[in-house]
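Take a look at the structure below.
In order of appearance the chains are A, B and C, and numbering begins at 1 in each one.
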Amino acid sequence: FVPPGVLPLCRQPLAWSRARRQPPGPPLAPCRAFSNNKILVELDESSGVATMKFKSPPVNSLNLDFLTEFCISLEKLENDRACRGVILTSAIPKIFSSGLDITEMCGKSTEHYAEFWRAVQEMWLRMYSSNMVTVAAVNGSSPAGGCLIALTCDYRIMVDNPKFSIGLNEAQLGIVAPFWFKDTFVNTVGHRVAERSLQLGFLYPAPEAHRFGLIDELVPEEKLQEKAAAVMAQWLALPDHARQLTKSMMRKTVLDRLVAHREEDIQNFISFISKESIQKSLRMYMEMLKKKS
Amino acid sequence: FVPPGVLPLCRQPLAWSRARRQPPGPPLAPCRAFSNNKILVELDESSGVATMKFKSPPVNSLNLDFLTEFCISLEKLENDRACRGVILTSAIPKIFSSGLDITEMCGKSTEHYAEFWRAVQEMWLRMYSSNMVTVAAVNGSSPAGGCLIALTCDYRIMVDNPKFSIGLNEAQLGIVAPFWFKDTFVNTVGHRVAERSLQLGFLYPAPEAHRFGLIDELVPEEKLQEKAAAVMAQWLALPDHARQLTKSMMRKTVLDRLVAHREEDIQNFISFISKESIQKSLRMYMEMLKKKS
Amino acid sequence: FVPPGVLPLCRQPLAWSRARRQPPGPPLAPCRAFSNNKILVELDESSGVATMKFKSPPVNSLNLDFLTEFCISLEKLENDRACRGVILTSAIPKIFSSGLDITEMCGKSTEHYAEFWRAVQEMWLRMYSSNMVTVAAVNGSSPAGGCLIALTCDYRIMVDNPKFSIGLNEAQLGIVAPFWFKDTFVNTVGHRVAERSLQLGFLYPAPEAHRFGLIDELVPEEKLQEKAAAVMAQWLALPDHARQLTKSMMRKTVLDRLVAHREEDIQNFISFISKESIQKSLRMYMEMLKKKS
């Protein structure tokens, strides 16, 4: 019963079988692990599950290099018939990702801002529309863009530690989350929670994030990877084709909105970030961060 | 304060009185009970409440005959000025309705698929836009299309038995719930619960369905009809005209979407269901069901 | 990251500082308190917080005079650079506001209905789009239009007393909440709760309103103003510019809908309210109220 306008997403043959996928077609090129500067990728071919571990010290901030590597890794997995799901987690203690790298938005050229923003959009578009099952195993704090990565996943598990917090806290920095951050947030926690949280730039400690539905499940730190694997197995038990079409149906409106306004959104970002008042604020914020550390 | 674009739905005169409706106009034709092959209908003229009992063994599956009789019965009640509300329930133990009849989607002609799908649409359109108060008294399991019927009602009461489950589990069968199933579901449980439930094809045991808001109220089996009557009385205490306009205002966007894309939706269904891979899956599923029983 | 289409709302310079705002520009005209016939307004210049106290006995009903004074007071504050937030509360015991004044809708001329309805729209448009932080300190019952005022605020605190109730109970009066009341309600409590509550014209006792998210927080009566001030301080800790842009982004769709259909909505109101059946109902309702008191 394919709804009108749903794009064909089918990479997988329809199968009743819940058994491990037996990929059809020619034998696959071996693909077990690859890594680049900022992300470690491991693929377990027997389960079809990859893990992407963010390893960009000190805080996995999303700079242009990270975003580029992220999208390349994701595309590799997306096109790899041995891969059906991906778990996102951090290789750095206490932090999942600190979000967009402010140095990319400060004192750079218009061209740089455009390139950076396009990379942020690209990351969001690929994750939110991924054919793979995507699970965030949030093992540390995850503000702003870090929270966004988690929001794009199909399921979010977080370490049950009130010292780890998560949220779209852009307003606290004097900036505004773009409309597609907001749309993803509203789709997850509903309009009222989103309205209040975004205006106050709330960072929720893990237990509170769970109460509001921003996080689906809390687990002790030592159980995180095990739980992520179990959740993944549950999602992979479904026939890929039907699951993918359903996911696309749920997310299409919000995805289409950015696709339709992508260039406009880049121009908006550039003109906002280029304001002297904003530049000054970001510089002050960076000073504050330096003093802190 | 009628919002723009709301259709005139008024069959009832506006009345402050909470007392039993005194129908204006000429005396009514007697209408106490009628039944057809698959549905028993009883109308209590003193309360204005009809009960439609599904009686299509073994599992009240929604085949073309059932859907046709359902729509005819519903239309009769809708046009009967003595009837203001209808309670839907099952005459078969342990099952409310098993949903769309798979035999209608397997090995049939294109014309048959079109006729069947139009009947499913018709059932949904009539129920979701009904001028009557509609209460689902869910006294058994209610997967897929069975769940949809419950979702179209104004209120859902379910027997408090974890052995009875309910949900839109299409993805488990390798098929995709159409967009209007999804819209109805989102309107009831919100975007996030719908996204997760539809992708996983979840069937919720009654208590869990209640926790997520898919079911409004749980009662012991022996209290079900009594509770349904009490709920109905509460809804009928409101002036029909205002209640109907309000209901229409809440559901119009979603109703209009199917009306605008009805033929397209039929064509989509036909081309999806006619695929050899889907036919094969449905055959395998029916085999499995046969072995089970 | 300004989303496309967001209007520039900026009255405040961007500031990292959480400290008390130091208003730039020429010295301010003194503005401490002003009042008119129906509303007491006090502005604490040191905190930037104004309080608007409704004082229109017996029940703060929203007649044309009240609405006019409300909008004038609000505009004054909105344009006053010393004012960043406003707390709405009642100076009359046990009632916040009884909602739209029925006498304005009964036995009046078409011109009067149009003027009245435009004033109701104006109040909603100004409140829902206010640049200021708006907190409702609900210290009494608040049906219909009274509930609407609370819904337009950024945050709702209510006295924890089950004798005080709140809700959009229009259906109980045989009338229909306009689409923009409905949109505001859906944005606050979600589609399902709104659908059920509006059809049944529910008035929720404060504790239940809190459970459904219609009210954000309950406090003992003697703590209400203190809590409102504390909440206000929390919201004012954010940079105004980012908070305002975020608020606008969240509410724009719903605001634009009324702006686009404003005249149509007035005509709809006039033709609905002018019906003899509606006039009769409203007269009966007023009789009932008179007998009660």
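To be clear about the criterion, a residue touches a chain if its C-beta (ideal position, glycine included) is under 8 Å from a C-beta of that chain, and two chains touch if they have at least 3 such contacts.
A quick map from chain label to UniProt name: A, B, C = Enoyl-CoA delta isomerase 1, mitochondrial.
Predicted model only: the values in this text are computed from it and were never measured.
Asker: Regarding the chain A and chain C pair, does the interface count as same (over half of residue numbers shared) or different (under half shared)?
Answerer: The interface is built from different residue numbers on each side, given that under half of them are used by both copies.
Asker: Rotation angle, chain B onto chain C: superpose the C-alpha atoms of these two copies and give the value as a multiple of 5 degrees.
Answerer: Value: 120 degrees, nearest 5.
Asker: Whole-Å distance, chain A centre to chain C centre, using C-alpha means?
Answerer: 37
Asker: Which positions in chain C are in touch with at least two other chains?
Answerer: Residue numbers touching two or more other chains: 190.
Asker: Mind pulling up the chain B residues that touch chain A in the complex?
Answerer: 170-179, 181-182, 190-192, 194-196, 198-201, 261, 264-265, 268-269, 271-273, 277-278, 281, 284-285, 288
Asker: Name, in rising order, each residue of chain A that touches chain B in their complex.
Answerer: Within the complex, chain A touches chain B at residues 1-4, 6, 13-16, 154-155, 186-190, 213, 216, 234-235, 238-239, 241-243, 245-247, 249-251.
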